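Should a chain be cited, it is by its letter among A, B, C and D, assigned in written order, with residues numbered from 1 in that chain.
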Amino acid sequence: MCTFFLYFTEQINNIIYGNMSYRTSIRNKVYVFNDLKTLLAKASPLRSGDVLAGLAADSYEERVAAQIVLADVPLKNFLHETIIPYEEDEVTRLIIDEHDATSFLLISHLTVGELRDWLLSDTADTITLQKLAKGFTPEMIAAVSKLMRNQDLIAVAQKCGVVTRFRNTIGLKGRLSTRLQPNHPTDDMKGIAASMIDGLLYGSGDAVIGINPATDSPASAVSLLNMIDDLRIKYAIPTQSCVLCHVTTILQIIQQAPVDLVFQSIAGTEKTNKSFGINLSMLKEAHEAALSLQRGTIGNNIMYFETGQGSSLSANANYNVDQQTLEARAYAVARKFNPMLVNTVVGFIGPEYLFDGKQIIRAALEDHFCGKLLGLPMGVDICYTNHAEADQDDMDNLLTLLGVAGCNFIMGVPGADDIMLNYQSTSFHDALYLRKVLNKKPSPEFEAWLFKQNIMDEHGNQLPIQSSHLLLQ
Amino acid sequence: MLSNISKNSIQPDAWHSLKAFTAARIALGKTGTAIPLKEILDFKLAFAHARDAVYSLLDTQQLSTELEIFNLPVYSLQSNADSRPIYLQRPDLGRQLNNESKNKLQDSSNEQFDIVIILADGLSAEAVNKNVFSILQLLMPALQQYAIAPIVMVQNARVAIGDEIGSILKAKLSLIFIGERPGLSSSDSLGAYLTFNPTIGLTDESRNCISNIRPEGLQYDLATEKILYLIQESMRLQLSGVRLKDNAGSIEN
Amino acid sequence: MCTFFLYFTEQINNIIYGNMSYRTSIRNKVYVFNDLKTLLAKASPLRSGDVLAGLAADSYEERVAAQIVLADVPLKNFLHETIIPYEEDEVTRLIIDEHDATSFLLISHLTVGELRDWLLSDTADTITLQKLAKGFTPEMIAAVSKLMRNQDLIAVAQKCGVVTRFRNTIGLKGRLSTRLQPNHPTDDMKGIAASMIDGLLYGSGDAVIGINPATDSPASAVSLLNMIDDLRIKYAIPTQSCVLCHVTTILQIIQQAPVDLVFQSIAGTEKTNKSFGINLSMLKEAHEAALSLQRGTIGNNIMYFETGQGSSLSANANYNVDQQTLEARAYAVARKFNPMLVNTVVGFIGPEYLFDGKQIIRAALEDHFCGKLLGLPMGVDICYTNHAEADQDDMDNLLTLLGVAGCNFIMGVPGADDIMLNYQSTSFHDALYLRKVLNKKPSPEFEAWLFKQNIMDEHGNQLPIQSSHLLLQ
Amino acid sequence: MLSNISKNSIQPDAWHSLKAFTAARIALGKTGTAIPLKEILDFKLAFAHARDAVYSLLDTQQLSTELEIFNLPVYSLQSNADSRPIYLQRPDLGRQLNNESKNKLQDSSNEQFDIVIILADGLSAEAVNKNVFSILQLLMPALQQYAIAPIVMVQNARVAIGDEIGSILKAKLSLIFIGERPGLSSSDSLGAYLTFNPTIGLTDESRNCISNIRPEGLQYDLATEKILYLIQESMRLQLSGVRLKDNAGSIEN
C-alpha cells in the first residue's frame, strides 16, 4: 500500500512540441505519454479495437500508469488541448463552440481524478448532475470513465436522470422502456405487423416502434411508416414510430409520410460521419424538417440516434483516438439535436472492436454512463454477433447491470433474434424479466394503455391474452 | 394447493397463427416472464450452427465449375488475412489483396471493364456457396451490354476489397457479393455492395447495398431487379452511394 | 426455428450395461451419453475444471445436445441412477437416505426441463419453493441449473427465501449481510482488531465476524475467539463469531473457548472430505458439541460451511462427475446440519477450475441458485486470485448480479485485499455500494445496533465518525 | 449551492492511526460509498505486480550458490508442466516430475533419509528466491540429528510433487517450501508443507502447513520454531496431517 507514495506524477510543459507531455514513473520505469489523446488511449480498459488500432497500453502496468497520470490532469486542459484539430473536424468545433462555460465554472478547478471522486460523493445528486451536463465535454467524461470501475459507472449513472417526451415520457425513475424492433428480411408488411403485435402484447414498444428496413428504398419506407401509423392510431397507442433508413431517404419522403422520429447513425468524427453519408448540417436540416411536422403531442424530442464503439476505426477516421473517447464525442453530435432516444448498439459490429462478453459489458456501461452524464436519454442495444466471443449469459449479466444503472430503454426483438440484421439482442421476455426483478414499469402513458388493453395489471404482471383480444382482430 | 404442480407450465400465446407471416421468433409463449425451455434450446442450437457458419469455407471448386457457363476467366484470390481468426480480428487485412493475388490480377489484363463481379466469403462462405450462382444466372444475361471483367473469388475478404480489385482491373463499377454475418435464423444470407469508380480508400457512403439475399429473404429475381436498377442508375449518374436511391419500386408492389 | 422439430430425443434402456443410455441426434449426427453423470457433465456450461477433468462437451453443439436430452430426463431417474455408488460414498447415502419422498411426490411426475419451466412460473413462489426444498436432491438441482440462463438463475433465486438465526436474523428479503473477515498474516491480535473496528464502522459483520487463522494452532484459536467475544460483549454487537480453523482443532478447544459458529470446508464426495480430514460423523460430533454450548440467543443455526467448485478434482476424488454437480452435492452435506451460513468461495482456488471472470460469474450464480433451492442460507465470496483472468470489473458485475438474486451475505475484507489468504474479495465499501444501489439493509438486529452507535442512519447512509466514537476508544 | 463543489470529496476515516497495526487496507476513507480513487489506483498497481509475480522464475543459480554452505548435493528438477500457462491450467502435471528429473533422482542414491527438503516455485518463485535461504540458515543447523537427503529445487511444481520426490528418495518426511499465490500486499509469501511418509497419491489431510512465511508475515525464527516442533512431533507420532496439531504455543506468547 505504502508503495503508492513512491510513485510520483509530473506533468511538464513540452515547449518543443507546443503541447503538454504527461509522465510518471513506476519502479524506476518511466512512462511518457506524448499528448492527451495518447494518455486517454493508454488509460482505457483493454479492448480489441484499441489493440487493432495500435493504441492500447502494452501492459497492465502501463495502463495503470496512464490512469495515475490522467487522474492528475486538470479538466481545463481538455478545453485547450483538443484531441482532433479544431480546424479539421466539425465535431471538435461543435464541442468547443457550444461548451457551456458557465456550468463548467463550477468544476473548472478539478482534475479528472477529483471529478471521479466528486461524482461518487453524495453531493453529486440528480439535479446537480443535470445542471452540470452542458459543462462537460465528451473528452472529460470519457477520461473520467476510464478511471472508474464498473460499480462506479453503475452507481453514478443511477443518479442521473434524463427525461424526454414525444407522445409519451421516457426516462423517469423506476421506469424501463423498450424499442420494439420488428424487422423482417424482405420488409414484408404482414411479417412486420406480426412481430409488432407480438411485441405490443408483451408490453414492448414504448420508447419507439422502430423498423430497420432491409432495403433503403424510399417507397418502402413510406409504406412502412404508414403501416405503423395506422396501427398506432387504430389502437390509440401512446408511442412514436421510426423507420431507420438513411437520413437522406427520410428527408426525401418527409412531406409524404407520417414521420415521427428521425433516425441516423452517428459517430464522433466528421470524417466518420462523412463515411456514413452525413454531416451536421444535414442533421440540422432533418431536425428542422421533422420539427415542422409538429407530430409530438407532449414534447418535441424528435431525433433517434444510434452509436457504437468502433465505427471510426472501421472508416479509417479515428485520428489515433481510442474508440471509447470517440464514442463519447458522438454524444456531442447527439445532444446538439435534443434527441428523444440515443442508443449505443454496443456489441453490434463484432469482435474486432469488442472481443468478448467482458469487453461488451464494460463498453456498454461506459457508453451508458458517458451519455447520461452528457445529458442524453441513453438506451443500450444489449447485443452480440455470432462471430464474437459472447453468449446469452453475458447479455443477461449486462441486462441486469444496466437495469440497476437506470438505462432508459433496451431493445425488444422477438426471441432476441433479429432475423434481418443477423445478431442477438434482447427479447420482449428479457424486458419483462428486468422489470420484474427490479420492480420497474414502462413509460407511464404506455403503462396506462397496457392496463386499458388488459395486457398488464397494476403489479406489472402480464395478463393472459385471449384470441379475441382487440389487437388480434 | 401444493399438489397443483403441472407438467406443463407454459402459457402459450393466442396468436400462434401469426407465425405464418414471419420467421421471427414470435408467439413463443412464456413461463413467468421467461421463454419456454424448448425455445431456449432451439435458440442455442441455432447459435451453435451460426457460429460454425463463420468458419465455413468458400467452395471455390464447385463455384468455378458453376461459373464456367459464363465464359469468363475466373480468379481465386486471397486477402492479407491468412486465417479465419486473423480475419475476424483484423478487418484492415481483409480489405487488402495479398501480394500473390495482387500480382496475379495485375498480370491478367490491360483492358478496361465496365463491371467487375466479385464473390467474397465475408462472414459466411456458406451464403456465397448457396446463393451466388442462382443470382448470377439471372443477372449475367441482363448485363450483356456491359464489358464484364474476369470474375474474382476472394477469401477472407471484407467489402472494401472490391475497391482494390476494381481499381486494378480498371472497372467502372464493382459489384461484390459477400456473406453477411450469420444470424440464428439464417446463416447463409448474402449481401451485394455496388461501388462506382472503385478506388482504394473509399468508404461506405460511396456504395450501395442490397442485403438479405436468399430464398427466405430477398429472392433472387427481386434482388436481380434491384441490382440492375442500381447499376443502370449508377452508370447514368456516374456515382453510387447515398446520393443514389433505390427507387425501383418497393418489393411489395 | 422449425428445425427444432427435426431433432428427436430418445432414451433407450441399455440392457447390456444395466443402466440408461441417453441419446439424441442433430443434423444426422448421433450423440450418445452413456450415463447420467456423463450427460450432466456434457450439459454443463464450459469451464476449465471440467476440461481439465476430461469431462466437458467437445463442441457447443454437443453441449446443447446434452441439454436437449437432459431436459427430457424424469426427475425420478435421479433417485435410481446414483452418480457415485451408494456403497462407496457416504454423501450419496446421505442424499438418498434423507431424501424427503413426501415433498418429492409433488414434483415426481416432472422431467428436468419441466422443472425448469415450472421454477420460472409464477406458481413457484417463495413458500412453495421452501416446502419443496427437501424433495430436491442436489443432482436434480444441478441438472436443472444446467438448463438455465443466468437470468433464470437470478430470477428463481430471488424468489427463494432462506432465513437463519443465531444472535441475529440473516436472509430476510431486502437485506444484505456481510461476513467481516479481518485476517492477518501472523494472527496479530491488534492487527485483527484494527480490521474489525474498520469493518464495524463501515457497517460490516452481521453475518459473522470470521477470522481465518494463519496457523492451525489450537492456542492461537482460543486467543482469537476470546478477543472477538470480548469485543462483541463490550459493545453489545448482535452478531456471531468464528475462527475458521479445522473442525478437529475446534473440537479440541470447544470446552475452553467461546465458540459461536463452527466452521468447516466441505465437499461433495466422501473421498474429498477425507482429503479435508473430515467425515460426516466428525461434523455431527462438532455440531452437537456446539449446540450443547447454547450460545445462540434467537436461534440455533450454528454451523458455517464453505464450499467451492473444483476441490474434488484437486483431491483426485471427483468420480468423473462434473464440478458443478459435485458442488451441489456438498450442499447435501451442509443442509444436514442446519447451517447459519453457507459460503461458496467461488473464484478462490484458481484458473484451473474457473478460468476467467465469465466462468466465475456463471459458477457463482449456479452455486447461489442451487444452494438456495436446496434450502441453504447461501452467501458468496465474490473473489478471484491473481493467477486467474479476472479483475475488479468482473467482481463488480457479479456483486451486482448477486444482489439482484438476493444473496444472503458477501464478504467484507478491508479494501477487498485479503493480506493473508492472498486473493481479492469484496470490500466493506462494496457492500455499501450494493446496499445503496439496490436499497438493501443489513440484518435487522445489526441495523438497530448501527443506528444506536451512530454508524448508519435510517436511510442506510453512513454517518461521519468522530475519533471520539465509542468503538475507537 | 452549486458552487460548493470541492476539490477534495473524500471523507477520511478518523481511525487512521490503526493502520500502524496491520498492512490491511483499512481506514481508506470514502466518497459516497466508494473507495477514493487514489486507493483504487494503488490497488490496481499492486494487481499489476501480483500478476507479474505469478510469472517470476526460480533463481536456481543464486539458490545453488547459497545452498553450498549446507554441503549437500542439490538437484534442479522440472515437473511435467512444461510452461507457465500449462502449469496454471494443469495442476495434475505440476504434481509429477518429468521423466528426465525422475531418472536423475532415481540414479542419485540408494540411501534412506529422514528428511528431504524441497524448494518449489509454486505460484510465486519470488517468494522462494527471497525467503527460503534465510529460513534454511536457521533450520538446517537444528536438523543435525537427522539424515538429510539432497536438496531438491523443482520448477512448475505443486505441493504434492513432494510425495513423488520423497518416495523416490526414500525419505521418512518431506518438507516442501513453495511460493503461495501472490496477493496484492505480498507477492512473495512462502508456504511450507510437511508430509510424513511421503507416497504418491496422498492428499492434504496427510500434511501440515506453515503459511505466510516472510518478514512481514510469519518471521523466519518463528516459522523455524513451528517447523521444528512439527518435525519432532511428526517423527515421534509417526504421522502428519490433521491428527498432528501445532501445539508449539501461540505466536503471541
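Just so we're on the same page, a residue touches a chain if its C-beta (ideal position, glycine included) is under 8 Å from a C-beta of that chain, and two chains touch if they have at least 3 such contacts.
None of the values given here were measured: they were computed from a predicted structure.
A.B. asks: For chain B and chain D, which third chains touch each of them?
C.D. replies: The shared contacts of chain B and chain D, listed by label, come to A, C.
A.B. asks: Using the stated contact rule, I'd like to know whether A-D or C-D comes out ahead in C-beta pair count.
C.D. replies: If we tally the contacting C-beta pairs, C-D comes out ahead.
A.B. asks: Farthest from chain B in C-alpha centre terms, which chain would that be?
C.D. replies: Ranked by distance of C-alpha centres from chain B, the top chain is D.
A.B. asks: Taking the mean of the CA coordinates per chain, how far is chain B from chain C in Å?
C.D. replies: 49
A.B. asks: If you average the CA atoms of chain A and of chain B, how far apart do the two points sit, in angstrom?
C.D. replies: Centre-to-centre distance between chain A and chain B: 28 Å.
A.B. asks: I need the residues of chain A touching at least two other chains; which ones are they?
C.D. replies: In chain A, the residues touching two or more other chains are 122, 149, 151, 155, 392, 433, 436.
A.B. asks: Mind pulling the residue numbers of chain D that touch at least two other chains?
C.D. replies: Chain D, residues with two or more chain partners: 23, 25, 32-34, 44, 46-47, 51, 185.
A.B. asks: Think of each chain as a node with edges to the chains it touches; is that a line, ring, star, complete or other?
C.D. replies: Contact map by chain: other.
A.B. asks: Return all touching chain pairs.
C.D. replies: A-B, A-C, A-D, B-C, C-D
A.B. asks: For a test of understanding, state which residues of chain C touch chain D in their complex under the given definition.
C.D. replies: 48, 52, 182-195, 197-198, 201, 214-220, 223, 246, 248-249, 252, 274-277, 314-317, 350-352, 355, 385-387, 391-392, 414-424, 427, 429, 432-433, 435-436, 462, 464-467, 469, 472
A.B. asks: For the complex, which residues does chain C have touching chain B?
C.D. replies: 1, 3-4, 7, 26-27, 59-61, 64, 67-68, 71, 106-107, 109-110, 113-114, 116-118, 120-124, 128, 131, 147, 149, 151-152, 155
A.B. asks: Please name which positions on chain A make contact with chain C in the complex.
C.D. replies: Touch list, chain A to chain C: 45, 122, 149-151, 154-155, 158, 356-358, 361-362, 392-394, 396-397, 399-401, 403-404, 430, 433, 436-438, 461.
A.B. asks: Quick one: which bits of chain D touch chain C in the complex? Just the residue numbers, please.
C.D. replies: 11, 13-15, 18-19, 21-28, 30, 32-35, 39, 43-44, 46-47, 50-51, 53-54, 88-92, 123, 180-186, 189, 201, 203-205, 208-212, 214, 216-219, 222, 226, 241-243, 245-253
A.B. asks: Would you mind writing out the residues of chain D in touch with chain A in their complex?
C.D. replies: 2-10, 23, 25, 31-34, 36-38, 40-42, 44-49, 51-52, 185
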